[in-house]
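What follows is chain A paired twice: with chain B in the first complex and chain C in the second.
Up next, the complex of A and B:
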């Protein structure tokens, strides 16, 4: 009988998610994601397209996904590399979003339990949430305080900085 | 070193998911049907399905573990406890029937898909069309399935899943269908070889235990928690670099576990062993009893050690390890009791599952340590791949900088972008592989 314990479950589920992502593709081609190397299914890289009609439009943002051995019981971690300038992204690139927080661990105290991680969430659902977070920052659970302030007090400057960083990335 | 080829792992015949079936327009409802018999936690077919008060169902083990972490339904978040668990026998028999019929339906629907594609002008680039171009080739890879199945040692016991996933009868049929000899046909002769990287073969390295495993049985191997090891791998099939983090405690534990598995009945020949297994299973099946949950905080060390000993579990490690071990044992044991009597595992099999789980924890720790070391190499590989992606993005950006919402064009542009990034991701993998082999 197949074992559903420990690593085997996590690995199997990651393989299934990857297989489905590659055969179906992400909605509207908004991102791609897959293991960084074939030796380690627990480290993925995602490439996320900046959502349209936001300052991130036109950019392509690589992120590291790190899965725990008890995935999907526990959520994975997501870190943009290089970091993005965004109210909900820590200066080191780590994404702060409620769907990636296990129930009962809420660094910001503002998240409703209904938005947290649960084992039926997935890479696809999380990345789609992150994409909508790029479009609509949540100032109640800020991760980059300077960016939060700028976003609140001087939206135009915030957008200019974001656009400029994308231009630099693209070498334009 | 043997490279595990990512794509090979995913193409292995028993890495199954709903998208194996043609899309909705070709085979209405089939993907949904396949999906509806899967647990949304593990994405595999229900194993001892249990319903909870809200009506959602999960594998017994999946929901028991989820409820240990948080007392709510993973799908709808309604409060739930183990007291709410009820066997979902309807789902259980549906899974059994579907496992048996899946290969057959898959074949019929693929034939239908090919016909469908033949009817239509090739012009419309629907995803269904692409699928049908690739799937039939993929299936040829299952040719040598029969060999590997026969040589595999079913340490984990017989499973209805195994027989349906890697069915020998079906590989026969497939062989006839494709007009190729079924045995002794070497993998590299298959038309698929062009897709493989040069150093890959039909043997892949298991990403969990690093043993070399034939591609056809890699997923069974992984499912079995690395116990199910085919004899085909030759001398190198024993672990090449088994334990990197070889602490004394670990060796001690290993010795304990070995004693547990081999000390009593271990020396017996396989045939006698399996008889014993059946006997154990039968004696257990009559009662279907459950172990109570334990409030570990109130227990003295001594008592906890006794409780482990009662179930024949090792007492290696520290107090935290004992608690983890006992708690996991209770969960595994109770989930097993939820299985249909014929599918239940013996205590020895459950102990193996427990050991695999502990090994997995250790491997994860080792991986974390190794990942820190690799970070630098990753960044270098990553930046190279990223430069390429940027190059790919540039001309598009220049062409379509008019940026106001011309929806149709934008849509296509994004899709083009995705193709590019897929290529980049593939290249990233290649670059990394290269780095690793240096």
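Up next, the complex of A and C:
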């Protein structure tokens, strides 16, 4: 069993989500996700395809999902490794998105109507939200301020940097 | 049973303004005393300062400030208190108010005089309404004159709620574990567990103090409340007020931020919705420290009654501003 203090509810839920993701697959094959190792269901890796018609197109982005022992009462954390250059991703790669925060938990003062974490969310729903966030950054809850400024003031340069970093990542 | 005001079959617009949830002047606290009946102790300097304010200063706070202050006390009182405590005599509650508001003391005496001898406290973590209700609901099944009938009726109702949740847009995968946990507890009233034992009051208390079990039940009740409100928007939309701003929320926003989210207090709308969808009769006694012209210390009882279930008593909760506990005619745990 895993060495972390995961409880039975969390483990059962994570296994159900994993089973569902592997049997049905993600919509349009937009991502894959699963535990890093069979011994620890509380650490997942996701591979996210860069959405079409965005500077991220053509890239595949690995992210680490870390689940708390009281999942799904509390949300998991998601970190792109290596980090992505994006207004809503911290320089260390951690994703800042409202759906990964419970209502009332407002690190960057999201608008109150935005989607929030609750136990009825899931890995799939969160990753789909992250994919649409890649396509449409939310400048009101910026995590990378320099990137926010660049996105706002010089969109072409922002897109160039993103594309370049994808090529570098692939050793091109 | 003391005189009760009319029961409400519709969301009570005429009642909401009377809800005393923001009135906390003179209120010593709503944290729990420990099992020995000692008053709760607060250690931080800020607490000491706030408690030493004379009532007039408390009165000058806005409703939002008093609400937040109350919330802070509740959340700071959380860590070492049980999720649900064993039954304690009303006298333990009275001791806490003796140095404070005499109105509260009179109301506690009034409750005692009318046979409400005990209180079962829940942790002030924002889930107290749902947790109190869940515990008292299962206990009422446990104490029903016909247990088999009570279990069957409860599970029939709960089974039908799964499709309601799916219609509300919740994935079965996302709620089935919470559902199973809740239903299994109820089944154990008449079906022995692996150790061959039926659920007893003390086992129920033990289960409800395990966060995994307790919170699973709370989550299911929250989803159920939300699904019911979503399924019947016409009845609820005019009453979906944001407790912080007092403004109307849209349905989706209200359900997500005020119902489904853990730690968010329940107000009348949630109580009405849950009592209807769970088909459970809920009576709430308001220990609010408000002077009553007709009778000194009288406590108002609000009834949220929807079902006529023979052999089942309504679940009786005790409301103090910002908090729910369970009210009981017994003053200690039954011997088994």
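The working rule: the second predicted complex is superposed on the first by the 164 of 172 C-alpha atoms of A that agree within 3 Å, B and C clash if a C-alpha of one lies under 4 Å from a C-alpha of the other, contacts with A are read in each partner's own complex, and residues count from 1 in each chain.
We adopt the following convention: a contact is a pair of C-beta atoms (placed from the backbone, for glycine too) under 8 Å apart; a residue touches a chain by one contact, two chains touch by 3 or more.
Everything numeric here is computed off the predicted structure, so don't read it as measured data.
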item	value
Superposition on chain A - do chain B and chain C clash or fit	clash
First (chain B), second (chain C), both or neither touched by A:159	neither
Partner, of chain C and chain B, that touches more residues belonging to chain A	B
Contacts of A:73 with chain B and chain C, given as first, second, both or neither	both
First, second, both or neither for A:7, with chain B first and chain C second	both
Partner chain in contact with A:16 - chain B first, chain C second, else both or neither	both
Footprint overlap on chain A, comparing chain B with chain C	7-9, 12-13, 16-17, 20, 72-73, 102-104, 113, 118-120
Complex interface listing, chain A residues touching chain B	1-13, 15-20, 22-26, 28-30, 32, 34-43, 45, 47, 49, 52-53, 57-58, 60, 62, 66, 68-69, 72-74, 81, 102-104, 113-114, 118-120, 169-172
Chain B - residues contacting chain A, complex	3-6, 9-10, 15, 17-19, 40-44, 47, 59, 61-62, 65-66, 69-70, 72, 74-75, 77, 127, 131, 156-159, 161-162, 205, 207-208, 219-220, 222-227, 328, 332, 335, 339, 343, 345, 349, 353-354, 356-361, 363-364, 367, 371, 378-379, 382, 386, 389-390, 393-394, 397, 403, 405, 410-411, 414-415, 417-418, 421-422, 424-425, 428-429, 432-433, 436
Chain A residues within the chain C interface of the complex	7-9, 12-13, 16-17, 20, 70, 72-73, 102-104, 112-113, 115-116, 118-122
Contact set on chain C toward chain A in their complex	170-171, 173-178, 181, 211-212, 215-216, 219, 223, 250, 253, 256-257, 260-264
